[in-house]
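Here the structure is laid out as structure tokens; the discussion comes afterwards.
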Amino acid sequence: MQDEKKAVPGLLLSNAPHIHAGQSLQSIMWLVVLALAPAAAYSVYLFGLNALMLTVVSVAVCVAAEAAFCFLMKKPVTITDGSAVITGMLLAFNVPPEAPLWMVAIGAAFAVIVAKQLFGGIGFNIFNPALAGRAFLMASWPVYMTTSWHRFGPTTVLSQAASNVAGLPEQAYDIITQATPLSALKEGPKLLTDLGVTPDAVYRTLFSPEVIKSLFIGNIGGCIGETSALLLLVGGLLLLYKRVITWHIPLSYMGTVAVLMFAYYSLTGFAYAGAATLFHLLSGGLVLGAFFMATDMVTSPVTHRGMIAFGVGCGILTCVIRLWGGYPEGVSYSILLMNSTVPLIDRFTRPKVFGTKHE
Amino acid sequence: MEIQTLFVILISTIFINNYVLSQMLGLCPFLGVSRKLDSALGMGLAVIFVMVMASFFTFPIYKYILVPYDITYLRTIAFILVIAGLVQFVEMVVENVSPVLYHSLGIFLPLITTNCAVLGVAVLNTESGFLSGDLGLLEAVVQGLGAGLGFTLALLLMAGIRERLEIADIPENLKGLPITFIVAGLMAMAFLGFSGMKV
Amino acid sequence: MNYYREFAKGVWEKNPILILGIGMCPTLAVSTSVLNALWMTLAATFVLIFSNIIVSLVKSLVPSHIRIPIFIAIIATFVIIVELTLKAFQPDIYKSLGIFIPLIAVNCIILGRAEEFASKNAVLPSILDGLGMGLGFGLTLTVLAFFREILGSNRLFGYTLIPGMEPATIMTLAPGAFFTLAIMLWGMNAIKSRKRR
Amino acid sequence: MAFTTFSGGIHPPENKRLSEGKAFSNLSVPQLCYIPLQQHVGKPARPIVEAGEIVREGQLIGLAEGYISANVHASVPGKVVEVAEHPTVYSKRGMCVTIEAQGSFSTSGKPLEAVPWESMSGLELLNRVAEAGVVGLGGAAFPTQVKLHPPRNRKIEALIINGSECEPYLTVDDMLMQSFPGEIVEGVRITLKILGITTAFIGVENNKPHAIASLRNKLAEIKPAENIQVVALKAKYPQGAEKQLIYSLTRREVPSGGLPMDAATVVQNVGTIFAVREAVALGKPLFERYITVTGPCVKNPGNYKVRLGSRISDVIEECGGLVAEPAKIIMGGPMCGTALDSMDIPVVKGTSGILLLGREEARPADYLPCIRCGRCVAVCPAGLVPCDMVNTIEKGRLDLVEPSHPFDCIMCGACTYVCPSRRPLNHFIKLAQEKLRRRQKE
Amino acid sequence: MKASILRSTFILGLTAFVATFALSHIKAITYPVIQKQERRKQENALALVLPGYTTGEERSAVVNGRSFTYWTAEKTDGTLTLKAYAFITEKTGYGGVIRTMTGVDDRGTVLGISIIRQSETPGLGARALETASRSTFFQVITGRARETAGEPSPWFQEQFAGLNAAAKIGIVKKGDWTEAMRDELLRENSISAITGATFTTKAVKDGIEEGMAALRMALDEHAKAQEAPAP
């Protein structure tokens, strides 16, 4: 503790243990920032300046809001720990690339102040600040959050895939190509029936190898940071390798989604169950969520058993929302919902105390 | 078909139209009994029981007495007296079966009478709740069950969170009720994820 | 007896929502617009005053162990009166307040006042108590609704406030209600703790 | 091959190479010895010498007081200068007998006569251990005769010898096992006889292959009548913690709040066994011991035989002095040892090593809020949730602490070692234990 | 003890009796008004979707195995008597059933629609009910409000007036409807989708198209029944 006084010049007095594993809170946070960086850079390349501006504004507002709040509340200013930067990046990663800057700024302020600082700052928040910020924006300005997608040039992966499927009328391209792959999956079959397109044609387009390949690489529509599964996996593996996160949450989360989706599509007699499962694993924010948001230490369980329960819960909710929910994507809501169960999970997955019988 | 409708009602009342987080019913006990997990569980079970019973008794009263005699305007008073009687009964049972639980629920057991979620579910049953089309007795009871489960779910989650917030560095003036409302707001925001769900 | 005190305590010192923390459900649910809030206040205050009067009148006749059902019956009667009246003369308001009109019957404020005040006091103080409590309830509700209507729909009394501004829909939904009330309670606590100092 | 182990634990860099494999050498006798009268858990010994008195080497100078206490002997021959307060590792003002070395040495360099212990009864052997003032040399310094004398109604099935030496930097036990396997086996047999049983396990971490081999060879050579096994354990901290060691070797859990004898075992450190053997078979009181002097700041790190009461400054001087300014001086290992603020503190029975860390290793840091990363939970060998427990303690909510089993914490410090927020978790738990104990007494 | 139970029961019963007695009087006063209000509500809805017409009879028919309710209406324009109809349709939107009342003239031109019930996502589909208030609060309090201040127009519903319900109605995604888009949209027999809520828009549109088809069949049935000689 603070009683490091120096009785003999230069000698430190402190309690055992006297050595430390080395990784500090700051180094963890900045490693996460580093792991997110490739995906951020790619999104700027893919979506252009607005994506960069959104990220910069989001990070800047998060840091400023944290500094301002700490200052007003006369608390030590904690912006150097990097957690506000992560919140800013993750929030920007979760908005569409053409979203207005003012909106992201409000979301960032909400995330840091309401979801984090009101609870006492880092370590005490119940909900992931970035996801709370996103949910706030989603409920406040749903139009911007669901329509501000980047418009690619005439030849996109989706439209090419669509042109491979014979017999799609002209307007069908619009519907399939404008939004994200997940919204195309959710609304496409319903909207296209008017144009005489069978749902099967939509599925054939979306679950084609080209689409799945570009979902993996990332040259496809979506929120700023979620498109390139590859770069996110690289970042995620870096975190795993550096032991910033453990495998429990990402694996149980993605595993649950894979199993449930495969089961659902197989049991409903779907022809492309494998491809559909792959599509769900790579599309939307699943990789981003599983590696970077569900693993947020403050808002996930502390025991490994608890982490697995948490991941499975996230996976189930994601599948439920994607398959039956009102929104095309369920990753952020499912993590947010599971955040609220963490105290209960922690309580019921407490490890067995050495030398005691089962509690 | 029948089973499926019941399932829809259940899911709808627990998640999509959660009585507390989306309909803002039953907030007084939600705030009052969510400090400790154990009492939250007890309260939740009591509410589930009362809601199911209330649905079971009020629905036939409405359908076979109030409607045929064209005195539906007496709905509020009739329901509230039935519920008050039920709560009295539950109170007696709990007192005899588990004095510990009775002690920990304290003043909140009689307050189930004024838990607006209970009267709410009884009234919504007569207005066909969140479904189109009229409800039958079974549907009404399932709606009562779902409402109770939804209430209990929210209550348990809140209790877990509040136990953790006991030791959080919350700004002094925000402690207690205000931060609980913030949590409720964030939870309600998370529950918006269920909105528009088709079961 | 200080009549003014009986009236004024409900507004601030014993404000049912901000201080006592009761009667939350209608407060949060109907505060999407100022108009709704005002009508709700009117309805609740009416029930509050009249149930206080009756309870205060019959208090000596009621055996204590069945007083709660009796009070509830009295309150429910006035609630039905309000319900029918609104339905007849303000059908639109009745529709938008919806289920929260019959639920006035189980509003903790009203039963609480009947139990705590009217059953122990004379008629006139009970009227003033009801009026004060109703006013306290109404003021809080209206302020809440004021912010929610402005932020959530960029309107006041149904009229657009700033043309072209994008309102935050969340303020009209449940989370917005919770957040706004939390901030009001926060402010209230801050004022209280400053006073204490 | 999977080595027997327990769940949880950490594997910090071993840093044993500094002193590993360095044969023991004797440090020369210091001019002044400050011999604390309390070198053990329990009541301090009562001084039975006065200033000016001339003492022999190994003469009793402090008499054990009460049941849990231990004798203290003169580690050098000479004149008692004073019996006064002097800083020790246990207390800022501990009573010490200061002896100025003079006269003749009876033990150093001379072989002692072997005592035919095999013909003695267990009780006689136990008395010899008590007379020699043997305490646990692993660091806990619990009087050995008490541990070897369990209540009669307790059945003991196995003796467990702790040769794991899981603390980083320290190599003294390793070298003991490599250098004196015969003596250790003899010590085990003596201890078994005292306990009246025939089964013993010697647990050694698998990062000490030479020690394992030398013990096994010796056992194969002697073929003792008793059942003595050397078991290789996974190298992991805190493998040497009593309860974890028992679990690793026998799969038995000492019940929460219990003692090793509740799992029908008695645990002794190899150093203690060595001292028991010297006490019983040679009749030599415990007045010198082997320690590791190490760390990047010492010129000649290694394993040394030291007279108890030697001041650290003298020991360091003998080891070639400093090559860099130490930032922290630790008595014991880096995980459990005590940081000292003075070089005048004497070596005691429980001193297994002296570690001098430089600024780089001892980097202090302020602690930050818990971020609930769960690492402390993963490494806790006791199955606790240190983060939540400490958050509660930090807020002064002792009423909420008790259900989280604070008394099952073994103070291994693994949680603090991994905590990225640098929270002194085990220290907080210790504070809570003390407060709760005080409250229980009230 | 027994006496106190009897007394309690008596008092409770008395309370209930008095309450019911009082309420029955209140009911007697308010019920006629309430019934009038309810009738007026339906009339208002019909007047909204059939502007200028006088509502005739309410008819029920069974079309494709489903019950179908519609109203007839008339108005006289000089010597001409124009006929019109109103019907209610239900269609599943994003959040649940959307119930719409539609008024059409006998050529199938939409006269007006009114969304009676919906539970769409607030901020998205629920904007189907959004009214574009023509005056701002500032104008109201400064007394510069325009004439129509009290009658905000539900823009989404308003744009249906004038479309041909018998033909296919198109959906254009060009952002929220504005006055300027009216002519172009009418020419293309299209409506502008609510931004971000194409699906809600489609549900309302589909409802009208289906309702129109059902109305035709119902009218044919009715005509046949009229022609058939009474047995």
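A few notes on this one:
As written, the chain order gives the labels A, B, C, D and E, with residue 1 at the start of each chain.
Criterion: a residue touches a chain if its C-beta (ideal position, glycine included) is under 8 Å from a C-beta of that chain, and two chains touch if they have at least 3 such contacts.
Every value quoted in this text rests on a predicted model; they were computed, and no experiment measured them.
Common neighbours of subunit B and subunit C (chains touching each): A, E.
The set of chains touching subunit C and also touching subunit D is given as A, B. Placing every chain at the mean of its C-alpha atoms, the farthest one from subunit B is found to be D. At the far end from subunit E, in terms of centres built from Cα atoms, lies D. Inter-chain contacts peak for the pair A-D, counting C-beta pairs in contact.
If each chain is reduced to the average of its C-alpha atoms, the one that sits nearest the average of all protein C-alpha atoms is A.
Between subunit B and subunit D, the centres computed from C-alpha atoms are 61 Å apart.
Centroids of subunit B and subunit E (each the mean of its C-alpha atoms) stand 33 Å apart.
Averaging Cα coordinates per chain places subunit A and subunit D 50 Å apart.
Per-chain Cα centroids separate subunit D from subunit E by 87 Å.
Within subunit D, the positions touching two or more other chains are listed as 369. Shared interface positions of subunit E, defined as residues touching 2 or more other chains, are 16, 19, 23, 27, 94-95, 121-123.
Residues of subunit A in contact with two or more other chains: 114, 120-121, 124, 136, 139-142, 326.
Applying the touch definition to every pair of chains gives A-B, A-C, A-D, A-E, B-C, B-D, B-E, C-E.
Across the interface of their complex, subunit A is touched by residues 94-95, 121-124, 173, 195-196, 198-199, 202 of subunit E. Within the complex formed with subunit E, the residues of subunit C that make contact are 61-63, 65-66, 69-70, 73-74, 76-77, 80-81, 84-85, 87-89, 91, 155-163, 169, 172-173. Interface residues of subunit B facing subunit C in the complex, by the touch rule stated above, are 21-28, 31, 73-77, 80-81, 84, 110-111, 113-116, 118-120, 123-124, 127, 172-174, 176-182, 184-186, 188-189, 192.
Taken together, the subunit A residues at the contact with subunit E in this complex read 139-143, 146-147, 174, 187, 190-191, 194, 326. Residues of subunit B touching subunit D in their complex: 166-167, 169.
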